[in-house]
Amino acid sequence: MESRILRPTLALYTVLFLLFLYGPMIVLTILSFQSADGGPQFPIREWSVYWYEHLLGFAETSRVSQLPVGDSLLRSIVLAFMTTVVSTVLGVMSAEAFRTRFKGSGPAFYLIILGMMVPGVLVGLGMALLSNTLGIARAWWGTSFVLHVVYTYPFAFLVMLAIFNRFDRTVEEASLSLGVSPAQTFRRVTFPIIFPGVLSAMLFSFTLSYDEFARTLFTAGRDLTLPLAIYGTFSVEIYPNIFAFGVLTTLFSFTLLVIYGLLMKRFTSKASRYSGQEDA
Amino acid sequence: MTALTTDTPSNTHSPAELREKKDRRRAIALLTPGLLWMTLFMVLPMAMVIYVSFWTQTTFSVNSTLTTASWERFLSSATYLGAIWTTLRIWVIVLIATIVVGYPVALFIGLFVRNKTLQTALLVACVIPFWTSFLIRVIAWRPMLGTEGAINVILMKLGIIHEPLTFLLFSEFSVLVGMTQIYCVFMVGPITFMLGRIDISVIEAARDLGASFGTIFRRIILPLSLPGVMVGSIFVSVMVLGEFATAASLSGRKTNLLGNIIVSQVGSLKWAFAAVAGVVLTIIITAVIALALRLVDLRKEM
Amino acid sequence: MLTLNQVSRRYGGATALDGVDFVVPENTYMALLGASGAGKTTLLRLIAGFEEPDQGTISLNGARIDGQPSHLRDIGFVFQNFALFPHLTVAENVAFGLRHRAHAPLTNEAEIKDRTDAALQLVSLTGFGHRGVSAISGGQRQRVALARTLVCEPRIVLLDEPLGALDANLRSRMCDELKAIRERLGVSFLHVTGSETEALTMGDQVAVLANGRIMQSDAPDTLFSHPGNAEAARHLNAWNIFDAGLCRGDLGQGPIAVRFDQIDVSAKGTAPSARPSLQATYLTGEFNGPTALSFFRAADGTLLQVVDHLSQPRLPDLVEGQGYDLHFAADALRQFHGAA
């Protein structure tokens, strides 16, 4: 009946939607192979990898200045790593706390969730004002870092909350009944079982922090992170080197995703899912 | 039996109460670092924004003499009031656009695709663009919409137009298109999740009873997917309202959101004005979130 | 010896346990029978220390254990869902307690392996040690759960509906094995179940838990033939409980109980005058193989059941909807005083 028309229509719509999602990136990828004298638009004068060489510093000096990729990339990775560690630890601790019912859990929940809702430009401004007033120097590893955690910790918390919701606490009780202390129980039983969730929380935190710039803009001080370096090009004319850069960072992100996938697979193949207990 | 009972005085706590107390203490201890972090690095900075909005702005600096001068200037300036209006307008348009664009996709993935693998694959396909830097995704619209961009080139080749369309880039239109593309996935995700929870047999039963798709949609699908629309709307709203990068990159400085005002004021060291804009933005976002939370219990839906 | 003294536990307004007095003697298989929601699991969780009582004391061999953290109580617990550690192999599951317990953990790998192997042998799982816990059957998981508990030599083992997740065949086999294993080890088992057959088969002693209290705790044959109160009788699923006033003869008032197999049926008005009798309408019958069950409705609406053994049929041919006389020997009835 109607679904005979509806179904193909929706399928076609979804394809168009995906084209809408991917179109700009496809065009950007094509234009990243523009020749040295070509601009950031069509037509492609000649296919080349000039702008990749330019980006990596292999090209001879040209009219276009090189993107400050190297140092800022390193800073961004270190910052994302620091953020990941802290927000995952905080997220696991908070989610563990929420397994017990206690008074005031509602406000505490919303206080944490607020971190992902407050616009970066606002907390960034607030932090800049605060550090000005207190006379603290702004730095990516200080003022920016704490704001990144404010942003990613709620995500890690929500991921862990979902994991603990499905967690069967009888395995912990089993461990206690065998004479194993609560701390050892967490280390030997709880943590290994929730580990896939921890990995997801880490992945979330890392990517969010790695790409975050609204919270970094006012708080990073002199040294730029990668998104700030890109943002800096917004005000000036753009060249295909930024397209080449976009392609490379995307590839880099996919590498991370693959590493995550491999870790996940390695872990889940070692111990099949917990639900394996129910089917007898 | 009573002879064996070691009578516990009524003023001491029972083991159950002691255990409960211990559990509560443990929960609070686990939660303290996180809440402390949020208080110091989120609540305190936000309080600072409000405080500084009442400071005195001089040409190159601010001092802590309290005054409402910045507020008066802000509220009497057509530029700043215009920014509030622009922010609200763009927020509403983008919110509607993401729902309109995203809902059918969610409907297809969540309800019409029965194959779990294909469903996952389609969802992953929606999420993959997030692995490109946000700023790169914004900038990718420039070669798409520019006068010599892909769309104009294609339309000219097809002979549909003879002059390149100039309104595509560096206009409010490009900002709206860019934001819709970037944020509609936050709408597709929650709606798909909610639709995926609908028991297909309910729909089939309704169809067997002769209900048309229109009726099924109105009576079953739409009500059940509304929490997803609400959650998606919260996501999209907070992100769009705090935006400035898309406008900065794609509007050619024609569109000034409150976020852009803050950035430009900070750039010229007008901290007090930036703070005023920040407080206004906070008020708007608080109102929007408060409204949304009245309609949906976030804690239950997540 | 495990002793519970006036143990109570409330959840909000609901009372799960209401002053439980209960003793599990040394070297005993104690079966605890109760309907679902009667507080059986709560009782075990209090003993194991996963929860604490609101009132009352729990002591083991004379020393109080309530208030102690559960990992220091030295009490084994076998869960209904087995609660095996999904990330460990069978052998690692069994060795877990020995290796990681707070008190006197073993560090000698050879000793751990010997004791693990011995425990696996005890539950007939020799050679399964390297398997993942998801790669074995439900019955095998149950044995792993048991081995994991027993290898730590707890002072008492609590089993929470340990056979509930198994199919009927496996259940009866595990019954025998559980009993045999317990006898070899000489440790007390407290086995909680909702099935009266299971409780009566397994227990050296059977206790009935109802309304948050222990109604009776006795040897299975004593309990079965001489339930001390209406609640205990009701849980055995073998007794008709009805008001004495329904009967002809001077039985007084209050609830009385007559076993399903001790009631005879005759046509209306033909009951022997020496025997207490009552009138009831035949509803329907149920054929269970070696026995047949007939259902009657008494004048006040009480449902009555009569069991007939096919080898020695006592019942006449019954017509649905027709009234009959139900009668029984005067010494077959049990009269309860006090609360129903």
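Before moving on, here are some points about what is shown:
For clarity, chains are labelled A, B and C in written order, and residue numbers in each chain start from 1.
Keep in mind that, in the parts below, a contact is a pair of C-beta atoms (placed from the backbone, for glycine too) under 8 Å apart; a residue touches a chain by one contact, two chains touch by 3 or more.
Please read all numbers here as calculations on a predicted model, not as lab measurements.
Touching chain B and chain C together: A. Top contact pair of chains, counted by C-beta pairs, is A-B. Averaged C-alpha coordinates give centres for chain B and chain C that are 56 Å from one another.
Between the Cα centres of chain A and chain B there is a gap of 16 Å. One simple way to say how far apart two chains are is to compare their mean CA positions; for chain A and chain C this gives 54 Å. By the touch criterion given at the top, residues 1, 4-6, 14-19 of chain B touch chain C in their complex. Those residues of chain C lying in contact with chain A across their complex are 48-50, 69-72, 74-77, 79, 81-88, 96-97, 100-103, 132-135, 137-139, 141, 145, 148-149, 152, 154, 165-167. Residues of chain C touching chain B in their complex: 3, 5-6, 9, 21, 51-55, 57, 64, 66-67. Residues 1-3, 6-7, 10-11, 13-14, 17-18, 20-25, 27-28, 31, 39-43, 90-91, 93-94, 96-100, 102-103, 106, 108-115, 117-123, 125-130, 132-133, 146-147, 149-150, 153, 157-158, 161-162, 207, 211, 213-214, 217-218, 226-227, 230-231, 233-235, 238, 242-243, 245-246, 249-250, 253-254, 257 of chain A are the ones touching chain B in the complex. By the touch criterion given at the top, residues 23-24, 26-28, 30-31, 33-35, 37-49, 52, 101, 104-105, 107-109, 112, 122, 125-126, 129-137, 139-144, 146, 148-150, 153, 181, 185, 207, 212-213, 234, 238-239, 241-245, 248-249, 259, 262-263, 266, 271, 274-275, 278, 281-282, 285, 289, 298-299, 302 of chain B touch chain A in their complex.
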